[in-house]
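Next, two complexes with chain A in common: one pairs it with chain B, the other with chain C.
Our next item is the complex of A and B:
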């Protein structure tokens, strides 16, 4: 851990990421203003001591909305990652371990899914089921599953050739137990790295979906949604776009730096030196 | 004294960030055309030494002191550009893995010609002529056509011949060969070594041969350097340094070489055999082409009969591709059985229900070849050893794990460690503990010592023998190493391309090898045999061939015919 933090990139990533979690926690507990209540007398105010980051077109406090949005975004992204990792690991491990027809079928299906851009696929699913936070999680989770399947299946294929897998079979263990005790734990390293990368992607996609109006429906605040609303007033009130944009970039930067550092840390070849 | 071609003075190599040296002050001198063998176990620094000569140390390794004079030039002073001139042109190098040292995307001709074009600027026609000439010298059939083929079209032995040919194409003054034949079968190894020695002799090239195989050094080299933990232990002519060793480490190495021990075992008791196999056939399904078309399965074993008594050790011998590993895996249900009957303790495995079969299967355990891949890297030793125990209390599990660990000579301290904290020999002990904790009747040991150094190998072999005496299980011992087989086996079966060509009691088979393939196998191994006080290098003396009518290559079928006392050999059907 100390070696981890001694890298400046990793430390920076961790700081940015903690900011986001802190903001999310703050948004969950208490905000200076009610993020949903409009105040017509205080529309489009510039940042001041009263409204730290100004107010939007309905007079809602931008700072409060950013905090709550952090919670929504982080929650949606985390649930998305959890869904796709669970689903993808199960499908990928079974396909890779069993091989044969099952593997062929899964591979064809996943390749077909992967041939659509993830965001387009998610948009399609959301168009079918209508915008809601749960819908975003489901849509993005399904859209990201193929990449998890691919990573897990690849690891399983190489693990399957290792002799300790044969050893487990010789000891009389069935395939399910071997998968759970030997195969999946040994896939965790690539999975951890993939999960951090996906978290960043999910955050961005969720913002993009909300920006397009297909994500978390208003008036609930999300970073992407705030950006979309701010667009109408970008001449008169640039802070409406600047602050959500800044939040998205900082969170993404933090997560990507953290993911890179994690990859270096977990790569055994890097550990030897 | 003749001017030396290569002279190394006080070479020291260490790794970045560590005071410890991996090579601690090596001095050596080689005359032109001389053949020097460097032997040592893993971690002795022999490969670092070879790489240092060419300035090809792996990342992290640094030369701390010493000079490397080649032809009067200090290689350590040369600029990278000048060193590149020496590399390849004056000093050739061959690595261990023929499968990965050729570029799969280029034709053999391109790769052979590379050096000639780079260093000598020859015309394309001239390059081709020289390449064909060299491949001819290495007895490559149809050398001219070989140049247009790709590496994957050649077997491992042929690739290694191509590698060595390409290193010698520039007529270097020195060839450095790092374990050039370790990945090859013995018969192929002999061909490659013979051809290399002849070519070096013709070109006047000196040979620096790095290997762990003492027999190969005694066979090929004039002088030898023995290394241990980076120290030069001893150096000098093969006889007496290797053959009448005065130094204790060298003596220990030689005495660790596996060889026949004990007297002929009694012929198998009339008791019913523990394991009996009738006409076992295995075929691997071929890779599917297209979506639906599947070519016929590839047969690997063509009807094997085998029986194994309780407490007996049966060794399966053969080169790679002979099906010996497949036979072991088929017994454990790890290979697809296409036909035949396997019965354990008189019970036909095929007639049992699935749970009965699983229970029976637990009585057959396996020890794998590679102790680095047979243990789950994320598990602690205690959990690995106890993996097969089901339905026991935590306390009983702990007791049995501790007992199994102490059985294989590992103390309590090992239970909480991870596999990567253990040496190769210790890992193999863990693998053995994992097998014996199941109280098996039969252990299939697939090349259990071939990944280990010779001294560790000797310890593991005696451990296996000792465990057998105490617990009374049988071994099906799979190995390509005749010396190891001769030490552990009661009976031996020689496999060739999925057929049994000869089988018999150990002494019968080793003293009177009859089938031509068995004889070739035995003649190919360079050995160091005890001779009075010292040792003698050479090949195993073979008795005159038995004038048996109809000894056939397996391709022409034939049946196993009884010679005497259970010694059977494949002959043409009468």
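Our next item is the complex of A and C:
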């Protein structure tokens, strides 16, 4: 752990990412203003001592909304990663372990899902089921599942031939027990690297979907939704376009730096990015 | 070689079929009856029944699917519910706009990213490399739609140099058309540059470790020819595959950029269709993008041996 944090990009990434976690925690506990209550007398006010980052078109405090949005985005992204890792690991492990027809079927299905750019597949799913936080998790979770399946299936295929798996079988372990206790723990390294990257992608995609009005519906604050609103007031209130984007970028920078450092550490063969 | 080509082409068929099934089923997920969604709740039951019969929605699902697929295969993607235009020509028209942005920005990004990635790899772990990789990680962390908003704020609102919304076809008025494309392309360039340069750098580092590079240096060849004539072709092959994959996903990224700059591209068409619940257009756009992506991947796969002679088919 200390070796990990002594890397400059890991330390820097952790600092940036902590900002997001701190904001999320703050947003969860208490905010300076009610992030949802409109105030017609305080519309589009520039940043001041009263409203640190100004107010939006409904007179809501931008800083309070940013804090709550951190919580919303972090929650949605984490749930997305959890969903796709669970689903992808189960499908990938079964397909790789069983092989044959099941494996062929899964591979074709995953190839088909991967032919859609993730954000378009998510848009399509959300168009069918309607915008909601749960919908975003489901849509993005499904869109990211094929990449998890691919990684887990690949690891299982190479692990399956190894002696310790045969040993487990000889000892009388059933397929499920072998998968859970011997195969999946050995996939954890590539999965961790992938999950970090997916967390960043989920965060970016959730922002983009909310920006398009297909993600988390208003009045719940999201960084993407706040930018969409800022776009309408780009002349009168430029700060509405600046701070939410800064928040997304800082969070993503933190995650990307951490992800690079993690990959360097866990996969020394790739030690070059 | 011929057998491989044929097999690789045939392999895309099941994928295309499953893609069609997914797109078809997706629109059946819509809660409620699609016809009452289309015509509104006010229509009387007789009208709804008539439309249902006309659209063949009273048939069993597999029959509906085959009917729909048959139409698609003959180029009939249906008609838009909101505008009444045929979906395929409307999509192709808008695809032109999207293709311009995607191809221009990708060309610009490659021109900068490939030398930058090579330079970083050449100076690996030195100051230059640190600066470049630091910038690259920053580029991939900044969402393109935010860059777009900032560019609008700076060049449109503050300086008033460039138009911020709208579109003029380059064929109608080349100069003005180009002006409208500058900001959208600029917003996409940063992130593309980041991804491509990172890929190029890692490919180059792999190649620079190989014996034949050491040999080229040992025989006294200058660094320029070593990098460009010996290392570049082998390092560029994987990057090119990656760019092919990236082009497909850029069709997704263009959705957001087209919304920021209100460009009449394919992405904007899809987003508008989602707002209007125009299901034939949504299905058409999803299907078209997936098809393009599958074909681009096929083309990249088939072109790979031309770039990298070590790969035998």
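Everything below uses one rule, namely that the second predicted complex is superposed on the first by the 267 of 273 C-alpha atoms of A that agree within 3 Å, B and C clash if a C-alpha of one lies under 4 Å from a C-alpha of the other, contacts with A are read in each partner's own complex, and residues count from 1 in each chain.
Definition applied: contacts are C-beta pairs under 8 Å (C-beta built on N, C-alpha and C of every residue); 3 or more make two chains touch, one makes a residue touch a chain.
Nothing here was measured: the structure is a model prediction, and the numbers come from that model.
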Message: After the superposition on A, what does A:172 contact: first (chain B), second (chain C), both or neither?
response: first
Field: Which partner, chain B or chain C, touches more chain A residues
entry: C
- request: Could you tell me if A:164 is touching chain B, chain C, both of them or neither one (first, second, both, neither)?
  value: first
Query: So, does A:191 touch the first partner chain B, the second partner chain C, both, or neither?
result: neither
Field: Contacts of A:113 with chain B and chain C, given as first, second, both or neither
entry: second
- request: With the two complexes superposed on chain A, say which partner A:258 touches: chain B (first), chain C (second), both, or neither.
  value: neither
Overlap of chain C and chain B interfaces on chain A (superposed complexes): 273
- prompt: Contact residues on chain A for chain B in the complex?
  reply: 162-164, 166-173, 182, 185-186, 273
- prompt: Residues of chain C touching chain A in their complex?
  reply: 14-15, 18-19, 21-23, 26-27, 29-31, 124, 133, 137-138, 140-143, 145-146, 149-150, 152-153, 156-157, 198, 201-202, 205-206, 248-253, 255-256, 259-260, 270-271, 274-275, 277, 282, 285-286, 289-291, 293-294, 297
Field: chain A contact footprint on chain B (complex, rising order)
entry: 60, 329, 332-334, 358-359, 361-362, 364-366, 368-370, 373-378, 387-388, 390, 431, 434, 438
Message: Using the touch definition from the top, list the residues of chain A that touch chain C in their complex.
response: 9, 108-109, 111-113, 115-121, 123-130, 204, 207-208, 211-214, 227, 230-231, 234-235, 238, 241-242, 244-245, 248-249, 252-253, 255-257, 260, 270, 272-273
